[in-house]
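Each of the two complexes below includes chain A, the first together with chain B, the second together with chain C.
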Partner chain A sequence: MSLDAASLCTQLLVGLSRSMILFIVSAGMSFILGVLRVPNVAHGSLYMIGAFSAFSIYTYFGMGSTGFWLALLLAPLVVALVGFVAERVLFCHLYEREHLMLLLFTFALMLILGDLVKMVWGPEYSSIMPPGGLKGSVSIFGSAFPKYNLFLLVVGPLVAVFLWLFTNRTKMGKICRAAAVDREMVGALGINVSWVFAAAFVLGCYLAGIGGALVAPTVSITLGMDHDIIIEAFLIVTIGGLGNIWGALVGSLIFGVTQAFGVLLWPQFAIVFPYAAVVTVLLLKPRGLLKSVW
Partner chain B sequence: MRYRGRGFLLVFSVLIGSLLALAPVAWAGGKVIKVGIIDCYSGPPAVYAKDALNGFKLALKEINKKGVLGRKIVFTTRDTKFKVDIGLSMAKELIMREKVDLLVGTISSSVALAVSDLARKEKVPFFVWMAKSERITGELGHRYVFCTGENTAMAGKAIAVGLSKKPYVKYWIAGDDYEYGHAIGRAAWRNLKKFKPEVKKVGESWWKVGEPDLIPYLTAIMSAKPDAVIFCTGGRSMTNVLKAIKATGMAKKVAICIHTATDHASLKPLGPEAPEGVMGTMDYHFYYPDTPENRAFVEAFRAAYGEPPGFPAFHGWNTAHFIAAAYRKAGEVDTEKFIDAIEGLKIMSPVGEIEMRACDHQVVEPMFLGVTKKSPKYNFLISSDIVTLPGPEIMPSCEEIMALRARAKK
Partner chain C sequence: MQWRGKWQWPSVAVIVGLLLLLPFVLPRFYTYIIALIFVTALLAMSLNLTVGYGGMFQFHHGVFYGVGAYTVALILTKTKLPAWVAFAAGPVAAAITGLLIGGFCVRLTRLYFGMLQISLGSLIWAIVFRWYSFTGGDDGIHGIPMPDFISSLKSSYYFILAVLIVSLYLLYRIVNSPFGRTLQAIRDNPERCEAVGVNVRRHQLAAIVIATFFAGVAGVLFVVLEGSVFPDLLFWVLSLEVFIMCLLGGWFTFAGPILGAAIIVSLRTFVGIYTEYWTLILGVILIFLIFFLPEGVMGFLMKRFAPQPKAQVAERGNHAQG
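For the complex of A and B:
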């Protein structure tokens, strides 16, 4: 095993690009968890719907670069719409229930959405391709690095910046943050908390949709994607600090990078690395790395 | 999970109830040969199960025109949902209530092994048409189980035969961290070592089944600079692997060999964007061999179902013809005579003559080693420069199988 600087560097970049997708998905989950106090197990299903919608949009617009960019733009909106309907019809009646009930409810929703996806898109594997300029790989320090992953490395921070601007610079974002800390007080100030929750839920779903659309060109789009991501997202949200989107960022970076280095250092047992990192973090900081809003 | 289980049980019992209500109607009138099919008709594996069933149905249409010993072959299906307990209870139900003469199935190796054990106890012949574990007809084989598709031992040996003729020395083995992946990897490496003792394994990597991001694995492998990589993967992971190979440009730097990489079910979703130059082994292609038998099969299949047959359809078609030919040879509908008749039986399949080997009940069929390549005829990649590896060359010998079984008994 050659452990030269070049392969370490590529591996770091590969790990970081995976972290970006994990971040986008788990930030949405963490945001919903923080503001609405709903541990949304169906978040993975929304991510899967994002990927499948991206596939449909991509196919509809002729499977080219235009198709891809439109998919990236529109698929998250489709997911946001699904989220909006789910929130207004189902979730908004349940906020006062205990967490266990909410957990069961979102679990049921995950199963239902999974079957809906099967009914709408069928069980076949689907796939979409990155647009012209992002196909193939570039050479970084002599190792091949997929261009699409470079693109992910750009998109991830962009999403983070927009999230920061939203939560710190807009009135809506500030209200969301306030609602996460003390929802009674926000209500007492005469703000319609119900609509704040709806907005927060839709934003979380929108992020899941972006994650699904972004991951689509790198994997096969299939049933079961929801289960794959939801466990990782939950772990990330937990180690980052429940409800803290910056915690989700830190958690994603830890998860993605330890996985990438695990693969390089000890490939037979690479699966263990990110989970070992999670256990270590939880042993040292049981409430997560950053401040939990719970 | 308890809540899910309860709801599931309810649906499950309703399903069984409705199936029981329908079944007798289907089999009314005249003497028939009953085949019970258990397979996974829900979730991602349903694509393959449907294809296999279509191949089987197509063959039956033809067989039932003449009939077998004055009877028709009829079948009923049960969904295993890829679960051992459900598969097993479905198989029991088919044997006890429906009194099927034969069982056929399934894509899951663990379901196949469990049902195989039941078949042995109940003395009902069981044809495995898709599950690829070599243990089914290997160490756990017996008189009542048959495999009509290739298994991991054959796939691994085919890869080894193909690669031993190439100049590569440093190998890396990578794949899905489950029985199928490891079985192919073991068989390929064991045989490659035998055919070409100078080969060296520089490393292995195994990812969890369904791992969405394989790029870190591929970049790590490339930094170790092996001459060739054997990927042991299948199903949805195959598409992920092929995409990651394309994204990293790996096929241009390292030789890659994957069993079923040349399957059109994996290549078609990727369209023209699948990586070129990946070696793959496969026991069936609808476009190869270009013989009258294969053309006739493909045309009939297309006319009936609107798409070309995949390897499961090929296995399904062969299974039906093995069953019909064995009954005709046996001369009466009797399980023991049927088994005596099928041992060593040869039938004409779309790819030529294939044989049910007497010693272990494993089908002897050729394997096609090819390289993925763009084709002007299709909008997806196909296997090209195909080398046919004859069946006997890629099978473990009868002595090896018997030694395995003797060891398993101890």
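For the complex of A and C:
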């Protein structure tokens, strides 16, 4: 591939649309990390459940445009429900326990959810087609660019705006932010902190579900898709500043764009580029680019 | 080890004696599994030096295991150097990697330490994963030639057992040396240690280098047992699994990680024979342990069968909450 302006531009757009998926998933992780202070290892599994349930809903409603939009609407709710049940039945009893035990719990959850997905959906590859209006590609600077990726470029910022509105303009969001900074004080003000945690956890799972449903038409849905996303989301959250939603956006842009340009510069080592970028950021600013809530 | 007494060394001798006899009574497959448990146990023990005794979030220990294994594999397949050079180079390469990565990490604490290590480790993984011409990429390296004295399963079993015993003895001495005591003091209260003149970072870095050295030894043993290497050795899933072994067996005890390694390796092997859903069962068992045995299996057994002043353990639990 030559390094002309057109291919650079296409590659930038590809990287940006990938960043949007990464942002939605890692914003959810960042939110959970900020409020509950737990790196949610099961986040990738929730993302995978989002993709698989999107596939099921899509198939159930006849594999058309309706199926796609309903999948996008309902699959995240399925994931949120899974998160809600796991949180209320098991996780909420552990908040007083040692920190590493919470990490261990999310790991156990990852193992269980991974196998449940295998039981329910089996090891086959599945895929989804984008709906009518988003099929095919448009020409940008003379090179073809999938319409669905443009759609992602619109959805990502929308999610960011909604998250901002939620955390800054609603009472629940403000309580969540307060709990992230000082949970004892929030409890002392007469707010049930356990339910705040539940809400934050469910919202984080919901975002993972959106990410899974959105990514479904661009990749083949398969077991093991949880392992790749989780480490990427971890690193994005870290370079952005733990618990900072805007940091997650910045981190995702860095990760997605370096990966896309890596493909252009040195395809064989494309996956090395984002990791190298992350390491560079962390060596210069170990606590992340933006302010961490911790 | 908190359990001391006149029966300590005799029982160790009996256990070693039994392990020496095992290859004669057990079928090949079981001998192999036990050797695999030895290798994994050494890896978990080495990690516990930093996690359990050092209180550091060593999240990507698998990288050093992988570096040790890959060093041996590369020297044995690409050069004509004698085998002992390769076997010595593995742990040394792992320790150098540990020095480099650890040097950056000890400037940070807790989760930031862990995250930086994950990112540096993932960088190494990504390079190994894609560098087809040198490391074999995602295929790994197979059919690594082994010297004659460890070419059969039985002889490699004894070799692994011997190295394991020497390594455990050394680790035991390190943990109970003044250095080991200082390390535990740093874990329990870094500020106070700093105040009384202990160089906290240097001690932590030394612990990381020692731990990564033994992880490299475990990597060498893995190559001896399997005769192949693959990039999954450096993937974060393996690192997390080893971390879980420490927590599961009991990270406040010396022998806990051995137990954790034995539990996870046998679960994967034997549950894996009956059902493909072994990770589901592992997950359920883990949740059960989190709720009912928070100090790990070994911690539980020691509390149950060897009653002794527990103030120590309770206090550590409080500190770790931070």
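One rule holds in what follows: the second predicted complex is superposed on the first by the 293 of 294 C-alpha atoms of A that agree within 3 Å, B and C clash if a C-alpha of one lies under 4 Å from a C-alpha of the other, contacts with A are read in each partner's own complex, and residues count from 1 in each chain.
Here is the rule we go by: a contact is a pair of C-beta atoms (placed from the backbone, for glycine too) under 8 Å apart; a residue touches a chain by one contact, two chains touch by 3 or more.
This is a predicted model, so every value here is computed, not measured.
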Using the touch definition from the top, say if A:V278 reaches chain B (first), chain C (second), both or neither. second
Go through the superposed model and pick first if A:Q11 touches only chain B, second if only chain C, both, or neither. first
Considering only touches as defined above, state whether A:T238 meets chain B (first), chain C (second), both or neither. second
In the superposed arrangement, does A:Y148 touch chain B (first), chain C (second), both or neither? first
Does chain C touch more residues of chain A than chain B does, or is it the other way round? B
Touching partner for A:Q268 - first (chain B), second (chain C), both, neither: both
Kindly classify A:R287 by the partners it touches after superposition: chain B alone (first), chain C alone (second), both, or neither? second
Partner chain(s) touched by A:L111 [first = chain B, second = chain C, both, neither]: both
List the residues of chain A that touch chain B in one complex and chain C in the other. 104, 107, 111, 118, 268, 270-271
Considering only the defined contacts, which chain A positions touch chain B in the complex? 1-2, 4, 6-7, 10-11, 14-15, 17-18, 21, 63, 104, 107, 111, 118, 123-127, 129-130, 135-137, 143-149, 215, 217-220, 222-225, 228-229, 259-260, 263-264, 267-268, 270-271
Could you pull out which chain A residues touch chain C in their complex? 39, 41, 90, 93-94, 97-101, 104-105, 107-112, 114-116, 118-119, 227, 231, 234-235, 238, 242, 268-272, 275-276, 278-279, 282-283, 286-287
Going by the contact rule set out above, which residues of chain C touch chain A in the complex? 104, 107-108, 111-112, 115-116, 118-120, 122-123, 126-127, 129-132, 235-237, 240, 244, 247, 276-277, 279-280, 282-284, 286-287, 290-291, 294, 317, 320-322
Quick check: in the complex, which residue numbers of chain B touch chain A? 3-4, 42-44, 46-47, 174, 177, 202-208, 210-213, 215-217, 219-225, 236-240, 243-244, 246-250, 253, 265-266, 269-271, 273
